[in-house]
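Shared between the two complexes below is chain A, which has chain B as its partner in the first and chain C in the second.
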Partner chain A sequence: MGTPASKRQAARKPDITGVALVPLAIFFLLALAFPFLPLGDLGAFLLQIGFFTLVAGIMALSWDILARSGQVSLAHAAFYGLGAYGYALLLKTGLVWSLAMPLAALGAGVVSLLVGAVTMRLSGMYFAIATLAFTEVVRTIIQNLPEDVAGGANGLLVPALLGGNSRGQYLLALLLLALTASVSLAVRTGRLHHAFAAIRQGEETARVLGVSTVRYKLAAFFISSFLAALAGVLYAGKTFFISPLDTFSLANSIAPLTTSIFGGLYTTLGPILGATVLRIAEEALHNVVKNGYLVVYGLVLMLSILWLPRGLMGLFRRGRHGGDL
Partner chain B sequence: MKTLLLTGVLLAVSGAGAVKVGVLIPLSGAGSVSGQAAKNGYELALDEINKAGGVLGKPLEVVYGDDASAPAKAVPEFVKLVTVDKVDFMAGGVSSAVSVALSGPAKQYNTFMAWIGAAATPVEDAFADHKYFFHYHPWSYYNFEAILGFFKTLKDKQGAKNIAIAYEDGPFGSAGIDATVDAFKKAGFNVVLTEKFKTGSGNFGPLVSKAKAAKPDIMYWVGYDTDALPLATEIKQQNLKLGLIYGTPPSWPVGFEKNPLANDIAGLSLWLPTSPNKESAAFVAAYKKKFNNVTEEYFAPLAYVNLKSLAAAINKAGSVDKDKVAAELARINMPTPFGPLTFSKSLKTQYQGFKAGNWLHFQFLNDTRVPVYPANFSQKPVVWGK
Partner chain C sequence: MDLFLQTLLNGLLQSGIYALVASGLALAVGVVGIVNFAHGEFLMLGAFMAWAASAFLGIDPLLSLPIVAVAVFGVGALTYRVSIRHVLLAPELNQMLLTFGLGILLQNLALMLLGGNTRTVTTPYQASSLNIGELSIGGPKAIAFGLAVVVLGALYFTLYRTVLGRQMRAVAQNRRGAQLIGIPVDRVYLIAFGVSCGLAAVAGVLVSVLLFASPTVGLVFALKAFAIIVMAGLGNLTGVLWASVILGLSEALVQTYVPGGGGWSDAVFFLMIFGTLVIRSFRKAA
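Our next item is the complex of A and B:
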């Protein structure tokens, strides 16, 4: 028996209603109020935790946007690093940070188009391996640039973002996370959503249906890389130092993947929630289980993924189609 | 015994207002081996300090933080120690990347830093203008200065002239390799081979063949522990005649000294349990008593010296006033397992503790590491293979 047309239509249509947006709005309101709360002695410490949580949120959500087109990338560290290095090198030319930041992200986006054009024919495991190799190539190139240009293997000092003002840095990271969430929602509600979903569910079929798969996959890659590079800029400006080994570390490619899965794939709130819960859990465990907290943290993560295959968002979407925050 | 007990009770009663030292070290992550060794060193020093009356008449308190060898974890942890735990002084520090990231909050909170590790020069740049930064570990350029000094002695005494350099292609091996070649040449050596390799590949056949053709006196190898045995095996198999194989891995393979292939291979360390000075022997004995083993990680005695010297400076200053403590620490002249600790200027920072002269060179001889240079640490003469 066929599904009535209205039901099918409802299943396909993104559920971005006012009610669905409420949790996201609450998150951002709380996050905005956070640095102004009277947290006493804990305030400065929690603000630092908050900053790195927001950066992890941008990384996870930007990775998720790419994953929606069926591309499981392990090149996120490369774009994160390109953003960080691009920003540092542009600052060295005398450019102001407010221009250096978008330009560095744009540079990473352009590189992603070139990489995307080469790897478009690949999918699944092959695509993942190609992106992993790309990260290694970028790391090697940066490391072998003359030391007076990019610091070589020793790394490069980066001027403090916003003069080292912690609250300012936090608010800037929140602004960029809001930008990432807006892009994610725009993708979710626009034509890109249908194209990405079609490609993810079967590239051949999507092509037969008239979807320009190359164009849409490149668009996903560009958006994702641009946003990951912004996260890299935030990191560089916060830690004052970037080196090929740390910045292009595989951990920077894996963390967004696990965070998105933990929070809930193909959603906007999921990766943000995932980053927040994981960082809070890690800090809490760290203070409770002084030695071996990483073992407990790993176990919690494994059990969560086993019991919540749709991530944290699965808790709110049981029995619903699509779940579309 | 009664006096000790009484001192302990008095110290416990007067616990309020005790001096607190925050120790930020990698207890997890990539640098955790050094971090755990450092923690043992701090624990041993803390026992001794408090048994001897504590600091300013109260037991010294140490609050540990785990930087997880990651700047993103270290910055919040540092801020927590300073603003939540309200420590009076900060100590620790192993990773360079982590330490640079801490330069921001350290300057923001004007934190007193007695720092044991972080030898890369960007750390020196980052803390150049911080008035309370005391750095114990030699900067990376002192490491090379020490190696060059040793090689110059080999040139004078053994006629060493030709050097082959084998370095891993990652950041550890590649950093500053051009400057290394230039420095050897400037010192009158012929660099007859400069060859990079992939660490862990285990294939040193082509590299050793090229070295054989280049006829070096010294094979200077910059790589990781995993490369030590394959390289030594290949050199043996191809019967490459060398005066000395000199390696600078961050750590040597476990049990390497027991392998006959390790015989005569030389390396660099800040300290060895066999170091012949009195303070080293006392440290080894105390460490063995507390932990029932002997460590070969120099971060253990380095942390021990770090806390002992800081506590001594606070006691001499008679308060936790940062300027007074800095003045006392700057004046310190303390016998340590590494030799005397004094602070003087480095290229960019005001207070540098150990320098090139504190490095010692050893050779694997008869199943153990034996200091062979400099003369004041040497237990046996260098075994030269040519």
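Our next item is the complex of A and C:
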């Protein structure tokens, strides 16, 4: 017994070194410079790809924050969609976008607490199954609601974000990705990190050690869903049209988890890096593989788990100790 | 009253297929300890095989059924060998995501190769129906239900009356203990996973006759099978049967008696999951 004070200090000390922060800072600087580059005729197209890469980054990183507590969510599409629909419906009531955005995210977060309160007392398998089913059901409900409420199967028109200024939209997405990254870093360096890691590595043990596991898992789910909903708002504002089939598509649950695993689970840079690589690959491959593009995601997911369980980040830090960083 | 009886009958007939899909899934969860998110895709594979045999070779789905079942058993066994086996000791998260990735891969491969259209299998007995008093049963539905009962009977006989079945149940109860008394655990896993996929394929053949074959047909059935095994308790093989009947009946009742029920009956399975989880988490907390 009697943990030496020095050891406890070591456990508390943030183990993100400058080494990890530098590439992250470089990424954000490059991303910030991107819309101001002289891109010529392709500029608008590239800016759009950039925008959706940032949205994919928010989705992947927010999925990862939840995964750190050992929960596999297959419902990221649901919260993305709830964000998009919540935003659209709030705008219809006449709210300004800057208020509608956080409120929509908050709404999705509250829903996640309700779903989580029921599913998170049981083993992780139940959670994964329930989240997959939850996505399908939210879509069914929105499709079956009367058309004047949420547009039914035909979908809804959404006013363009920032009046359609694509550079502004890009910068807003970058700001929200920066917010997501800060949350991720805060979780990584703070108390939550130890709670999440303990729960992931052995929930029973964590509970015995005095970690109130359900509360921490709910916190992870809330943060994750809140951020995913923000990504949904960005999507709705950019495409100014949302429909149940597109918004709640399983693809929107698949992409973040694949991206995060491919990039490097439980890291901040990994999911962002993964999103950049996979989104660019998607644009490049889109003309080759038209139908069933998700085949690539399925393949990347399987191969990553079998042969690259630490993702792209694992390639860079092969020598360093501690697979679970 | 007749409407009520007819509704109950339809629900019961539907539950045969649900039980087939869910018992396969329960076998994978219970014995191998893997929640197979690609289960629906093995069903889809079976449906397409039956469609191909019927469309290109003119073989009736009921005749191609055993061949399809064996073929998909092989595919399942192979899947176990090259992928599942390597994550048995990995964290749960990796296991679930591996099968999820496999499911996405298979589903979209089918979409790429065959397109999103639905394919129907035509059979001579398609339009036939059986009449009992005021009630009527579609011929294919009755045949499908009968087949489901026979296949499930064979499954439960194997599980409870043969050496292989005893081995499976032993492995399900305690992997290490089973290994210690000399049960070839790896082989049992391989067979159990193969049989699990084979059962999904049998259901797929029936679905191709009753409904259609399409790349996404598996997902719906897989979700319902999840609801059933959640209700029965993950890995509980006997509970699957009555849980299937409950799902089949409640869906039929919603379809008949809730206005606009066609759309809402697709949400019934989720209520089942949610209801079960609420009850179970409270029981656990108490």
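The criterion applied here is as follows: the second predicted complex is superposed on the first by the 281 of 325 C-alpha atoms of A that agree within 3 Å, B and C clash if a C-alpha of one lies under 4 Å from a C-alpha of the other, contacts with A are read in each partner's own complex, and residues count from 1 in each chain.
Methods note: a residue touches a chain if its C-beta (ideal position, glycine included) is under 8 Å from a C-beta of that chain, and two chains touch if they have at least 3 such contacts.
It should be emphasised that the depicted structure is a prediction, and the values quoted were computed from it without experimental measurement.
Novice: With both complexes overlaid on chain A, does A:A186 touch chain B (first), chain C (second), both or neither?
Specialist: neither
Novice: Just chain B (first), just chain C (second), both, or neither: which does A:Y126 touch?
Specialist: second
Novice: Who does A:L39 touch here: chain B (first), chain C (second), both, or neither?
Specialist: neither
Novice: Could you look at A:T239 and tell me whether it touches chain B, chain C, both or neither (first, second, both, neither)?
Specialist: The first partner, chain B, only.
Novice: Could you look at A:Q143 and tell me whether it touches chain B, chain C, both or neither (first, second, both, neither)?
Specialist: It touches chain B and chain C both.
Novice: Once the shared chain is lined up, is A:Q48 touching chain B (first), chain C (second), both, or neither of them?
Specialist: The answer is first: A:Q48 touches chain B but not chain C.
Novice: Decide which partner touches more residues of chain A, taking chain B and chain C as the two options.
Specialist: C
Novice: Can A:M302 be said to touch chain B (first), chain C (second), both, or neither?
Specialist: A:M302 sits against chain C, while chain B stays out of touch.
Novice: So in the superposed three-chain picture, is A:L114 touching just chain B, just chain C, both, or none of them (first/second/both/neither)?
Specialist: Neither: A:L114 stays clear of chain B and chain C.
Novice: Quick check for you: in the superposed arrangement, does A:L294 touch first (chain B), second (chain C), both or neither?
Specialist: both
Novice: Give me the intersection of chain A's contacts with chain B and its contacts with chain C, in residue numbers.
Specialist: Shared contact residues on chain A (touching chain B in one complex, chain C in the other): 143-144, 291, 293-294.
Novice: Within the complex, which stretch of chain B touches chain A?
Specialist: The touching residues are 27-28, 66, 70-72, 75-76, 79-80, 83-84, 86, 96-97, 100-101, 103-105, 107-108, 120-122, 125-126, 170-172, 174-176.
Novice: Please output the residues of chain C touching chain A within their complex, sorted ascending.
Specialist: Its residues touching chain A are 29, 35, 37, 83, 86-87, 90-94, 96-98, 100-112, 115-116, 215, 219, 223, 226-227, 230, 234, 260, 263-264, 266-267, 269-270, 273-274, 277-278, 280-281, 284-285.
Novice: Show which residues of chain A lie in contact with chain B when the two form their complex.
Specialist: The contact residues of chain A facing chain B are 41-45, 48-49, 52, 55, 143-144, 147, 151-157, 160, 164, 166, 235, 238-241, 243-246, 283, 286, 291, 293-294.
Novice: Give the list of chain A residues in touch with chain C in this complex.
Specialist: Those in contact with chain C are residues 67, 70, 72, 74, 118-119, 121-126, 128-130, 132-134, 136-137, 140-141, 143-144, 200, 250, 254, 257-258, 261, 289, 291-295, 297-302, 305-306, 309.
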